[in-house]
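The following pair of complexes shares a single chain, chain A, combined with chain B in the former and chain C in the latter.
Let's look at the complex of A and B:
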């Protein structure tokens, strides 16, 4: 079953748009977090009283990033010739884009975790 | 053009450097009276503004225009006339802004121009207008350059240069150009609000009339922080070219560098509030931005480690350019470390607005922009002139500059921590800051001496003999250039199979020179280059590039007229200048997308490519798409303003004010949607050969768009909304004007496509014009949806 899944994942189309899925997710989460906290403080004067909204959004962002990272990992490991994969072939172009996506997913996970940390420690609008 | 651009930016840098020397002379001793406080304000404002807007950003664009075509084996970038337009805009705007200091009317509110100090006409004079309008004009030229560079990198690569073989310089330029699209437009939106307040008295930033000065700070820093990375990444990109050359090996960690560039680009947009830590925002907001500021260290560090690893694994040739590169990395790392310090909120509260921050930002810019550019100057000078610069003078200059930079800026950390605020024209002797300031001043003169040595080296260059081709034994395409300049660029456009073709592809240079690759001739005597696909660089078409023309220069001067005349409140002449700009731009457009004399032409090796393309494969379509992305970003800056005011007011709209209602906005939306549908229908009809139907639909669409202008403005007009009374009225008016102005441009586009069809310059198979106009309409529909739904229904008013 896993093999079948891997086959399907490897057949997915990879472009410059898929490359930016993880960091764009980080950006959306960042904006969401900022608006969630800042708008509550500005409009109501007290800290957002529904933390579940924030943690759901954070969980969603983490899922999207981890999923795109995992897809990228499978694609980057497409079997074939030996490394280093820097030839001018279609498969190496795919491996490169996938590997760069994987690295960006790593950075984005760290970014989302960094953004979530303040909410653990701060619970007021001062 | 690129060389002129570089030279102009270099001259502006020297000018701004002289301003800095005057400032350092003033601060050399306590209680000095060399310049007055007012002059000093003008000096620091102009120094910062010029270094940012007239040197760092244009310099990256200029260098890219010089080396990018050669790096991509292209005959030229896709829109040479657009580059020319950008250059003339830059030259005129730069002379206008810098010239103001000779008339004692230079801007004096600091390079970030915080209102209300700068929007109150009794506190700041003409200088603020000169800053806003002069630099807005230059921002236009930056967006033009971004369009040129993005399309150049994505569509003009040589066949076979897939994304994974692209030189890293091109990756960096692509990323930076995209950043410009999202960073500059919020500032343009801010400039618009700022001038509306200064010139017309509309209320955006006065708290007493429902405004908020923080709105400007948000819009400015959404631009301002990415700006730091916009000028840093292209300079570091030069390292990615010269470090492999002087290590004589491939750069290690190619995908890691791409990670660094793309990751930095994204994260840099989440840092803007760290310039506003001291404004009293809630701690939770500050903490998000502090966290992102720490995260951006990761990609920045990764690329530096990749460079160090490449040097460690290679056979290093310690040339002058490499000396500059390693020296600037050392300086940059110091600036980066103090950056981590000021990204921590409590530390920033202590250091805010002191010389510590001055030290930090100058370390970053010296190490991250200026010194790398010197490295690039020594590296690429042989590419431009065919001659190397002097090693002896270069090394001397490096050590003088390195010592000068550290002597100038390191003591500033200490004077800042001892409490010296930035932007003061003098300080009392009792503070005990005299010694540190004197050291900084001596350092500044030392640094200036280093720059002088570089200038002498450049001045001696014409007396030296030409060197050999590819003098550094580099592996990338740009070094195919001959020492004797050739007007046609590369002899034949090569097939690329590796990242370093000169090193790795056998007989590569000989084959290029013998014209064994693609497009070796120009049978019709036209300037042509190959358009390829984005991912895999498969050739799809041959395009004919624009030739030298006066139109871009005239268009730039006419547009400059609009900005300069507005500065002096000469509104009628400004309007005339605007009409002239429109006429010139339309005349210029008329020369584009010409129908070729034959449908296809052979490029060699049995491949035949079309000479006309339209839609998503065409450079023109991409240029429209990219321009409209920038436009949509500016619009989102205005919409941000609307929602921002909603958050700061308990009741919005304020009691006693009525909004535009929902009927007129809905009418405007319906008319815009009809205009959009007519354009989409016209495109489809034209493709099917129903030319008359297409023409009728275009006419109807233009009519509908023109009527939508009246409907859009009727809402706020009939409800008597006064933009000068409260920020609500002002922001409603500005958004309504923005969208209706775009509808007007949409109508001009539709009429233009109609005229092209009537003149026989567009046909069912040659439909680039109508496809580009349709793309504009997609964005217009999006703008209208957001505008009219927001104004009509948010927050629940009718």
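Let's look at the complex of A and C:
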């Protein structure tokens, strides 16, 4: 089954748009965190005892990033064209974009985690 | 260096702390600086090594591993540790309903101060803040006209005072003494002259002081003995200033009920004294450009001094 999935993933058409999925998710999560804290504090006047909504959103962001990172990993491992060739090929392009996406996914996971830490450590509206 | 810097100014310095919050910030700055210096030295060492290494000193794999570890994992771990250390420091201490609340409003270019002790009547003063040592105090900070920023470097971090909002700052002083705070958000011509004295006192002394501030001026100074009181009323000072117990109840400028007991006048701009007050009330803009108090150039020198003596007696 995983093999079939790998096949399907490798056949995906990769563009610059897929590359920005992890950082865009990170950015959305960042905005979400601020909005969530601001709205919650303004409405209830104190910090949430059980920030379920926040952790759901954070989990969702993590899933999206990890999934796109995994897809990128599979694509980056696609075997290259046999030599000799003098110019970049379609597969080179795919592997390059996939590798860049993978690195960005790594960065974005760390970003989301660091953004979420204050909820754990500060949990305060002041 | 911290010692050298704090040697310059023990009254208003982030290095000469008298509150737990500022002490935590001081400590945090030290840890962060050590961390930053360690990283800088590490990076510089790597760079020197890279410049001196002969070509091929690292295999392709080895190079990739170096980048992954030194460029990825190590920074993430290091930042995680520093973040894990700094975030709890940023967490404000808890406030109990029985804790002292002090309302401070930043106005161009002075501070309106109100003490709201739990279970007691509120007390209004200005341009001087006193806090009890060893007690948690909640500052409720507001802006009246433009954005100001409230900072007592020795006590805690700074907090903006924004019109239409109430920002809260929780502090605990640990050492009695005389300190200083300053507005730290540019708010107009006399922004730099918008400061205040801070007095940290033992709780008993603080309670006594607060009780005396609650008294109307009439109870402490025999208003009748002063021509100054009559002049104060005649020049219309009461349209803007309150002197409790005398019928003067303007609320535009600082409460002057106990102005004689402050160390400075005009938000730290001048040392308190007859000469300074007499000068300030005639030409306030000479001391503070853009000040919101009108000049009284027609006031005679003698009248100014009479008023100043009267105000000086309001302790």
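We take it that the second predicted complex is superposed on the first by the 113 of 126 C-alpha atoms of A that agree within 3 Å, B and C clash if a C-alpha of one lies under 4 Å from a C-alpha of the other, contacts with A are read in each partner's own complex, and residues count from 1 in each chain.
The definition used in the following text is that contacts are C-beta pairs under 8 Å (C-beta built on N, C-alpha and C of every residue); 3 or more make two chains touch, one makes a residue touch a chain.
Every value quoted in this text rests on a predicted model; they were computed, and no experiment measured them.
J.: Looking at the overlay, what does A:55 touch: chain B (first), chain C (second), both, or neither?
T.: Neither partner.
J.: More residues of chain A are touched by which partner: chain B or chain C?
T.: On the superposition, B touches more of the residues of chain A.
J.: Thinking of the overlay built on chain A, is A:90 touched by chain B (first), by chain C (second), by both, or by neither?
T.: After superposition on chain A, A:90 lies in contact with chain B alone.
J.: Looking at the overlay, does A:70 come into contact with chain B only (first), chain C only (second), both, or neither?
T.: Neither partner.
J.: Does the superposition put A:118 against chain B (first), chain C (second), both, or neither?
T.: In the superposition, A:118 touches chain B and chain C alike.
J.: State whether A:16 touches chain B only (first), chain C only (second), both chains, or neither.
T.: Only chain B is touched by A:16; chain C is not.
J.: Just checking: does A:37 make contact with chain B only, chain C only, both, or neither of them? Give me first, second, both or neither.
T.: first
J.: If we overlay the two complexes on their shared chain A, which of chain B and chain C does A:24 touch? Say first, second, both or neither.
T.: In the superposition, A:24 touches chain B alone.
J.: Residues of chain A that sit at the chain B interface in one complex and at the chain C interface in the other, please.
T.: 110, 114, 117-118, 121-122, 124, 126
J.: Using the touch definition up top, name the residues of chain A that touch chain B in the complex.
T.: 15-16, 19-20, 23-24, 26-27, 30, 33-34, 37-39, 41-43, 47, 86-88, 90, 92-93, 95-97, 99-100, 103-104, 107, 110-111, 114-115, 117-119, 121-122, 124-126
J.: Over in the complex, which chain A residues touch chain C? Could you list them?
T.: It is residues 106, 110, 114, 117-118, 120-124, 126 of chain A that touch chain C.
J.: Please output the residues of chain C touching chain A within their complex, sorted ascending.
T.: Those in contact with chain A are residues 72, 76, 79-80, 83-84, 87-88, 90-92, 168-170.
J.: In the complex, go through chain B and note every residue touching chain A.
T.: Result: residues 160-165, 250, 254-256, 258-259, 262-263, 265-267, 269-270, 281-285, 287-288, 290-292, 294-295, 298-299, 496-499, 534-536, 647-648 of chain B touch chain A.
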